[in-house]
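In order of appearance the chains are A, B and C, and numbering begins at 1 in each one.
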Amino acid sequence: MVIEEILVYGAISGGVYALLALGFTLIYGVSGVVNLAHGSFYMLGAYMFFIFGTLGFLGSEPILASILALILSVLFVGILGGIMYRLVIHPIIGDDVAVMVATVCVALIFQQLVLLGFGTSFPPVRWPEGSFVHESTQILGVTVQYSRILAFMVSLGLFGCLLMFITKSKIGKAMRAASQDREVAMLMGINTERLYMLAMVVSAMLAAVASIFITASTSMSAGAYMWLHPLGLSFSIVILGGLGSIKGSLLGGFIIGYAEQAVAIAVPEGGAIIGVVPLTVMLLVLLLRPKGLFGKRVELEE
Amino acid sequence: MHLLEVENLTKRFGGLTALKNVDFHIDEGEMVGIIGPNGAGKTTLFNLISGLLKPDSGAVKLRGENITGLAPHKIVNKGIARTFQIVRPFRHLPVIANVMVALKSPRGARKIEWLKTMERKAADMLEDVGLSELMLEPAENVGHGDLKRLEMAKALATEPDLLMLDEPFGGLNPLETDFLIKSIMRMHLDEPSRGIVIVEHKLYALMQIVERVIVLHQGEKIAEGTPEEIAKNKKVIEVYMGKGM
Amino acid sequence: MRLVKSYLRRAYSSFVAHVFDVPPRFMAFLLFLTLLVLPLAGLDTYYLSMLTYANVIAIFAVSWDLLVGRTGQISLGHALFFGIGGYATGFLSKNLGIPIWVTIPLAVLVGCLTAFLIGFPCLRVKGPYLALITMAFPLIVWRVIKWVPLYPLFGGERGIIGLPSFFPALSGSIVAMNARVQAEYYLTLLVLFVCSVIIYKIANSRTGIVFMSILDDELASKACGINVTKYKLMSFTISGLFATLAGCMFAHLFGRTATPSMFELTLSFIPVVVTFLGGIGTIYGPIVGAYVYAIVDRYFLTILVPKLVDVPPWFQHAKLLIFIFIVLLLIIKWPRGVARFTTDRLEDLEEARDLDERGPRIWKRYKTRKKK
């Protein structure tokens, strides 16, 4: 029974985590920015969903309202990401250390703002009552809620969309060019500033989407410190998969998803320390194979 | 036994083969030049010998000892020093401190004479290359020609048995070029057993200094001989000038 | 406007030339002298403990700056050592009853060992990887230390409470308590002074030169025959040493507890912020930054502003927010630190003066420059 649980839940987690990590690796690959506020976008996605959902102006049809809330939240967070890029990151884009410190600052600011606005309460983030997502089905003998299956499918779907976007579209190609060699991309006339901003917007939106689907299907509530776990997940997955690699985010997401579920299910009192899992995996990767699975940036020489 | 032996060195970067079966040797006290059109793999060769890169196959031996793939600092401490094509000074440190870094290495520290302090030795080295006036100036304020000399001083600080210079004449005006030629000759006279390998594009300067020339083209050694022989070598001329001359 | 600027510049030059030409070390000494006599000037115990807090944070920040500002290795997880310091000394002194003056060195030893052990994997990677890996360690410990099965050892969420004080004899009466606060202040000041001097000496030694070479160009340093990993490890261990010390002192002075919050990201972030504020790569930078932080946090925002303005009840929670916001603004404007920016500008001014009056001044300038 335990094995099946791990298999099923691991897969579901994996899919959604991959999406989360994709955002992180996207902005790093394209612009070299290690966005430590990525977890904050995750958190804000959940909070905005709550806010838009309960403001009541979205009509009385719950499913429609949920969808609208979802779209609005994601857009809002995306715009926030763009603003953050323009105001905070762009002025200091050359200095890697300063950028990292600045993004942590932003993350802490968001945390404090949430604390101020909501105190220590945990606003609910859930799909409308009575809708089918709260039903469950059986996969491999394990009871799984539809909400989680939905999360899984949406995540993979979005992942696929984004993959197509990056490989087929002009902007996507520009992003790939920038991620391979920034200077050359600039020389070829690509407006890197706007490209980076776009990457940030997309990255933030991905985090928000992942957040809403994960939160609504698992903890169903938001908290001011909820940005730490996704941040840890994001960078662990990305390091495992290789900074800047999309394939890596996918595979890494699944590996870490499985590892987490394995610990949560098989280890006594495991649920409390699942946060340790991604970080430990990351440490192991950095010890044994810093490049990760598909990493491109080898830290051999400058 | 040769001072340096490079045996069938091959290095690939993804699909590109930068060096293919390069094979040559350097003896004590020899002055050898390595030339070749851009992209021939000269700097890659230096990087492989000095340990910044690991070859895909082949070996590098120093006095018979296999040093292939050793960490760069270990190779320096065994007696191979190199300069960089694009100078790499320590920008925030004063010029004298730049040299002191090299003197702090195990080999550099060993080579300091009895009763001399590290600062004294650094100051002497700077005097040898003519940088005494700029001793306390932060490296970031120093001009390009002087930085090249600093690069040389840093390489010499560890008293290497094999000195590798990567385009030392790059960006120098005729006066500086002349001075450098004389400096290298003097270096050779001061330390007759030291081998010197120079990668260079300015052929007229290089040919005055070296006894033997190795020519690389697209990662392969295509010719080897005295400067006169190389100057007349049809293949070399073709490679530099293109066919049909 | 330009006219005003040039006039100001000339005024400053002549002022400095004729009145103020004292070497920076003398200034620092004067500053310490001032700090030394503050308690005698009758400073209130609240402010004294605020300054004690500043001293501890300063030690923490100076340790961080050695690693990041001098060797160029980014650590976003220095709270690891801070927490280890607190918990090690807490565990040894509370649970095993060992006296403080033994537990603190032991705790520092533990911290050093940790730095040495994690140094190996950490320092093989660079840039963002290093920042992330250093960030991960304290986060891991933070979760594990709260784990229920480990409660008997580490006290779970609550931590280890009831640590012995530095001056157990000074308690009971108000007079004794005042004396204790003063004593604690002097203790931290002394430790800060010693730490600063040690780190200053290291930074200005030949080893310090090697550290800076690693900061400037790691590859070129290797090409000079330097075993870069060895030096990075050295710097990491020394940094860990002082950070652990800061943690020990903090645990015994403030609240007399060792709590999981000592491993929090916010705490990792304090030396970063504080050093950026003051100026990376200097001795005075982190110290100035620490003092500014302590004063802004515990005086301005806690006492002064509420007195001047009617603050809403949630103001307490907004303090951190305001502070971080200010730091963010500062980072964007001056990525290398405010105090550093100021001293750089001042140095530029001085250079302009030198060009005006050549001669003996230039040699003296070079002499002070040598101390980099």
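The working rule: a residue touches a chain if its C-beta (ideal position, glycine included) is under 8 Å from a C-beta of that chain, and two chains touch if they have at least 3 such contacts.
All values reported here derive from a predicted model rather than from experimental measurement.
S.K.: Find me the chain with the mean Cα position closest to the mean of all the protein Cα atoms on display.
M.R.: Measuring from the global C-alpha mean, the nearest chain centre belongs to C.
S.K.: Could you tell me which chain lies farthest from chain A when each chain's centre is the average position of its Cα atoms?
M.R.: B
S.K.: I'd like the Å distance between the centres of chain A and chain C, where a centre is the mean of that chain's Cα atoms.
M.R.: 34
S.K.: Report, in whole Å, the distance between the mean C-alpha point of chain B and the mean C-alpha point of chain C.
M.R.: About 43 Å separates the centre of chain B from that of chain C.
S.K.: What is the distance in Å between the mean C-alpha positions of chain A and chain B?
M.R.: 49
S.K.: Residue numbers in chain A touching 2 or more other chains?
M.R.: Only 301 qualify.
S.K.: Hey, what residues on chain C touch two or more of the other chains?
M.R.: Touching at least two other chains: 219.
S.K.: Chain B: which residues touch two or more other chains?
M.R.: Answer for chain B, listing residues that touch two or more other chains: 52.
S.K.: Which residues, counting only chain C, touch chain A once they are in their complex?
M.R.: 68, 74, 76, 121-122, 124-129, 131-133, 135-137, 139-140, 143-144, 146-149, 218-219, 265-266, 269, 272-273, 276, 314, 317-318, 320-321, 324-325, 327-328, 331-333, 335
S.K.: Where on chain A is chain C touching in the complex?
M.R.: Residues 28, 34, 36, 87-88, 91-92, 95-98, 100-102, 104-106, 108-109, 112-113, 115-116, 228, 232, 235-236, 239, 243, 268-269, 272-273, 275-276, 279-280, 282-283, 286-287, 290, 299, 301-302.
S.K.: Which part of chain C faces chain B closely enough to touch in the complex?
M.R.: Its residues touching chain B are 206-207, 209-210, 212-213, 215-217, 219-228, 366, 369-370, 372.
S.K.: Show which residues of chain B lie in contact with chain C when the two form their complex.
M.R.: So the residues of chain B in touch with chain C come to 50, 52, 71-73, 76-77, 81-82, 84, 88-94, 97-98, 100-102, 104-108, 118, 136, 138, 154, 157-158.
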